[in-house]
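You will see chain A twice below: alongside chain B first, and alongside chain C after that.
Take a look at the complex of A and B:
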C-alpha cells in the first residue's frame, strides 16, 4: 500500500485527528497524560465500543439501529431479576442470558425491517419505545443498588490487568474488561472481512437487489445484523451495570446518538457498504476522549453536547463531500 | 346524484382518511365504554385542546421533513431552544420574577415572539443548508444539529428550567379566544396554511415530486436544493411555534422538555398516511391521527396507566400500523 492511499483511508485520518487532539489536550493540561487518566479513558471506551460494533454491522448492511440502549437495559434488568429469583451466583450464564435476550429483541427489529420492509429508523424508534416502555411500565423502575447487586458480577468486572499507585497515593487500575472489548472487536473484524456472512453484509449494504441476485440470502443477513446488534447490546447492558455497581433501568437513554456518531466518525457510510472495525474503534475513542477531557481542559461540561454535535456535523460533512466526489 | 358520485370518488381516493376516522371512532367508543364517567367529561376534551396542538405542530413539521424523504430529529431541540432564547430575553427585559416580568407590554412580548420564531427559522435554515447544500443525510445532519440545539439550550440555561414568562406569552399556551383554546386555533390555522401550500402551490407540488423521485425532479427542472432547504426552514419554524405554545402552557422552558414527543410525532406522521420514504403526505390525515392518538393516551392516563405504559402502547401502535400498511400494499 502506498503512502497516499494509506492517507486516504478514513482510519488514518481519524487516527491523525486523535493524535493531534491528544497533543492539544495534553498541552492545555499535562494531567491528561497521567496513567490514571489513561486507564479511565480506556475504561470509558468499553461499553460504547462494544455497542458500536453492533451498530457498525447494521450500518454496513444499509440499516440503522436506535433501539439497542433499550434492549441493553431490558436484557440487563431481566437477567438480574432472574438471578435474584433463583439465587444463582455465577458469571457466564447471566451474560449468556442477557445476550440471548438481546438477540431475541434484535430478531424483532429484523422481522419488521425485512418482512414488513419498513425504514429501519422508524422500526427501531418503535421497538425502542416499545421495549423501554414495557421495561419501565410493566417490569419495574426501581434501581438496584450496590448492596443488592450480585457480588460475582461485581467481582468479575473489577478484575484489573495491572494497577499503579499514583504520586498522590491514588490507586488506578486498567480494567480487564478491555480484553472483552478487544475480543469482540477482533471477532467482528474477522466476521466482516473473512466470512461469507460478512461478505453478504457488505454486499447487502452496497445494493440489496444485486446481493440477492448474486445469491446472498438477504433475509438471513438482515436477521444476522440486527440480532448481532441486539446480542452485543444485551451483553453490554449487563457488563455496564457490573462495572458501575448500579442497575438503573432508566440508564443509557440517548446513548444511541453517541454510538451512531462514533460509528459515522469512524468512516462508516449511512448508505451502507462501507465501514471498518478499526475506524469505529477510533471513532469511539475520539468521542469518549472529547467527552472525558472537557473537564481536564477547564471547559464547562454544559458544552459537551454542543461539541459532540459539531464533531458529528463536521465528520458527516466531510463524508458527504467525499461521497459526492466519488460519485461525480 | 352528483353528491353520491362525489362521495364515492372521495372514498376511493382517500381510503386512508376514512380508515383513520374509523380508528378514531373506535378508540373513542372503546375509551368511553371502559371509563364513561371520567372520559366523557367535557373537561377532558377541553384540556386536550390545550395539550394536543404542540404535538400536532411537531407532527406536521415531521411530515414536512418526511415528504421529501428526509426526517428531522432536531425538532424537539429547536422547540426548546426557541422558548429558552425568548425566556432569557424576557428575563433580561423584566427581571427574573415578579410583576415586572409578568406585566411586560405587548411590544416586548411581540419582540420575544419574533426572537423565538427567528431562532426556529435559523435552526431550520442550518438543517436545510446541511441537507440541501452540504448533502448530509437528513438523519445524521439532524442528529448532529439536534445535539447542538440541545447543547446550546444547556449552555444558555446551565441546566435548570427557565421559569416565569410574561402573562401575555402564557395566554398563547393557555388562553382562549371566543371560548376556543388559543393553541387549537393556532394548530388549525397553521394546518390549513400548510395544507394549502402543499396542494395548491407550485412549491408544494415540487416537494411531492422530490419525495417521489429526486432524480426525476431534477430532470423536470425543479430546483431541488432550494425546495428542500425551504421545507426544512418551514419545519424549524413550526417547531418553534410548538416551543412557544409549550412554554406558554407550562410557564417554563427547559432543554429536555417533551423528549418523548419525538417518537410520538413520527408515529402520528406515519399513522396519518405520510410515507417516510417520501412522496406522500396529508395534513388532514396527520390531524385525524393526532386526534385518535390523543384520545387513546388521555383515556389510558385516566385509567391510571403510567406514562411508561403509554409509551409502550405508542410504540406497539407504530409497529402495528406499519405492519398493516405493508400488508395492505402487498395485497395491492
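Take a look at the complex of A and C:
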C-alpha cells in the first residue's frame, strides 16, 4: 500500500484528527493526560463501542438501526427481574440471557425489513418506541439501585486490569471490561473481513439485487445483521448497568445518535457498503473523548448534544461528498 | 453434425393475461454469435429470463445439447453453461475487482471463510483468460463503464460458460470501446463459446453476428444468416413496417431576424469563437467527439455557464443567459442526454412531469388551477402521442421512447422557441425513434421552432437536419449541408478528427 492510499483511508484521517484533538485538549487542560482520566476515557468507550460494532454491521449492509438502546434496556431489565425472581447468582447465564433477548428483538427488526420490505429507519424507530413503551408501561419504571443490584454482576464489572493511585491520593483503575470490547471488535472485524457472511453484508450494502443474483442469501444476511446488533445491544445493556451499579429503564435514551455519529465518523457510508471496525473504534473514541473533555473543561453538558449534532452533520457531509464523488 | 447447443421450441409465456412470448423458437449452435433483435417491450428480456431459468415458460420445450430439460432453474441453467451479463453488469461497486470476480466461485464452493490469497489467484486467472489488463485492487466503482463490463465478462467466463448472453452490452460504451468489446466477443467465440447478443442497434448487429433472430410482440418475426439481412430488412422485421428515410428539407423562412444568433461565444477551457445563426424552422445538427465542447455549448445557451464571453441574440434581440431562468424565459428548452438522471421525476406522474417547467404560467395569482392543468397535460400527451392509459401514471412505467417524448413535451409547454436536444434518441428503439424524428420535423416546420440537435448518431443527423456543424476541441471546424452529404462522408469526417 502506498503512502497516499494510506492517507486517503478514513481510518488514517480520523486517527490524525484524534491525535490533534488530544494535543489541543491537553494544551487547554493538562489534567487530560493524567492516567486516571485516560482510564476513565477507555472505560467510557466500552458501552458505546460494543453497540457501535452492531450498528456498523447494519449500516454496511445498507440498513440502519435506532432501536438498540431500547432493546438494550429491555434485555437488561428482564434479565435483572429474572435474577431477582430466581435468586440466581452468576454472571455468564445472565449475560447470555440478555444477549438472547436482544437477538430475539433484532429478529423482529429483520422480519419487518426483509419480509415486509419496510424502510429500516421507520422499522427501528417503531420497534424502538414500542419496546421502550412496553418496558415502561408494562414491566416497570422503578430504578434498581446499588443495594438491590446483584452483587455477582457488580463484582464482575469491578475487575481491573491494573490500578494506580494518583498524586492526589485518588484511586484509578483500568477496567477489564475493555477486554470484552476488544474481543468483540476483533470478532466482528474477522467476521466482516474473512467470512462469507461478512462479505455478504458488504455485497448487500453495495447492491442488494446483484447480491441476490450472485447467489447470496439476502434473507439470512438481513437477519444476521439485525440480530447481531440486537444481541450486542442486549449484552451491552447488562454490562452498562453492571458498570454503573444502577439499572434505570429510562437510561440510554438518545444514545442511538451518539453511536450512529461515531460509526459515520469512523468512515462508514450512510448509503451502505463501506465501513470498518477500526474506523468505528476511532470514531467512538473521538466522540467519547470530545464529550468527556467538555466535562473536564467545565463546559455545560447540554453543549455535548450540540457537539454530537455537529459531528453527525459534519461527518455525514464529508462521507456523502466522498460517496458522491465516487458515483460521479 | 452435433446437436445445437440450445434449442427453444414453441415457447409461450403469459404475464397477468399479457402474452409476452408466443410460439417462439430459437436455435443457437455451438460457437456462433447470434443476435437477438427487437424493440423495447418485444419480449427480449423475457426470453433471456426463460433461457437463464428465471422465468418458467407456460408452453414449449427447451433442449440443451439435444436433451430436453424440464423445469429449468437458475442453478440448472448455470450448470448447463448459461451466463447472463445484465445491462447494469450486476457488480459490486464497493468491492474490489478481485473480489467481484471471485465471489461467485467462493459461493459455489460453499466456503464459510474468505482466503484473500485464493480470491487473488482466482481473479488473476480470470483476467488472464480474458487477456485484458485490469487493476485487481481497484474498487469497481472507480472503473469506467467499459472496465466494469470487462469485469462482468471475465466473471461470466470463469464458470465454464458455453452460452454467454449479453443484454444491450454497447449502451454505455464509446465507439472505440465497442470495437474492443467486439474483439473480445470474437475471441470468446474462438474458444467455442456461443454468444447471444441482445441489441437494437442495427450496425452493431450486422457487424458482429452470424445469425439474427428478430422478435416482435413476443413472436418470431424473422431469422436467418446475418449476411442475408440489411438495415432496412431488420427494421422492417422489428417494427412491422418501413421506417421513412426521407431527409429533412428546410424550405426557408420569412423571418426578418434569425431565431438564434451567436457571435464569438466562448467559455474558457471548453470552447471558443463559436458563431452561428439558426433560422426558425431549421434543424441544425451538431456532431463532434466526446470532449469537443458541444455539450458545454448547449449548456451555455441554457444558462448554465454564467459569465460566458460573446454575444447571443434571439429574434434579433441581444440577450444575456446567465441563469436557467433567463434561458427558459427567453424561450430556450434543453432536453438533456440522460433524460433519466437529468430531467424526469421518474416516480411522479406524467402530468406533473409535463407541467414541471410551466407551473408559473398556468397559475393564476399564485394558485394552481387543477382542471386547467390536467387539460393542458392531456393536450400535450395527445400531441406528443405518448402511449399511456392515463396522465396519472408514473413516468417510470413508460418505455424509453415515451419518456423522451414526455421530456420534449415538457419543454414545448413552456412555449419554447429554441429546442436544444442532446442525444435525443439514445436508448430509444427504432420504432419510437422514427416517431420522435417525425415529431421534431413537424415541430420545426409547423411551429417554426429552431432545433439544435446534438448527436453521436450520424444517420440521425444526416436524416433530420438541414445543416450539420462539426465541433472539435472547442471550435466549429466544419459546416455541411445535409442535402449535399452522405452518412459515410460525415462519419469519415469525424473519424479523421479522432
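Here is the rule we use: the second predicted complex is superposed on the first by the 327 of 328 C-alpha atoms of A that agree within 3 Å, B and C clash if a C-alpha of one lies under 4 Å from a C-alpha of the other, contacts with A are read in each partner's own complex, and residues count from 1 in each chain.
Following the convention adopted for this analysis, contacts are C-beta pairs under 8 Å (C-beta built on N, C-alpha and C of every residue); 3 or more make two chains touch, one makes a residue touch a chain.
Keep in mind that what you see is a predicted model, and the values were worked out from it rather than measured.
J.: Of chain B and chain C, which one touches more of chain A's residues?
T.: Of the two chains, more chain A residues are contacted by B.
J.: May I ask you to decide whether A:89 touches chain B, chain C, both, or neither, giving the answer as first, second, both or neither?
T.: neither
J.: Touching A:142 in the superposition: chain B (first), chain C (second), both, neither?
T.: neither
J.: So in the superposed three-chain picture, is A:165 touching just chain B, just chain C, both, or none of them (first/second/both/neither)?
T.: neither
J.: Using the superposition described at the top, list the residues of chain A that contact chain B and also contact chain C.
T.: In chain A, nothing is touched by chain B and also by chain C.
J.: In the complex of these two chains, what residues of chain A are touching chain B?
T.: 64, 112, 115-119, 121-123, 125-138, 141, 257, 260-261, 264, 270-271, 300, 302-310, 312-313, 316-317, 319-321, 324
J.: Given the complex with chain A, which residues does chain B contribute to the contact?
T.: Residues of chain B touching chain A: 71, 130, 134-137, 139-141, 143-152, 154-155, 158-159, 262-263, 266-267, 270, 276-277, 305-316, 318-319, 322-323, 326.
J.: Give every residue of chain C touching chain A within the complex, in rising order.
T.: 86, 88, 90-95, 99, 103-104, 106-108, 111-114, 116, 139, 141-142
J.: Of all residues in chain A, which touch chain C in the complex?
T.: It comes out as residues 193-199, 202-203, 205-207, 209-211, 213-216, 269, 272-274, 326-327.
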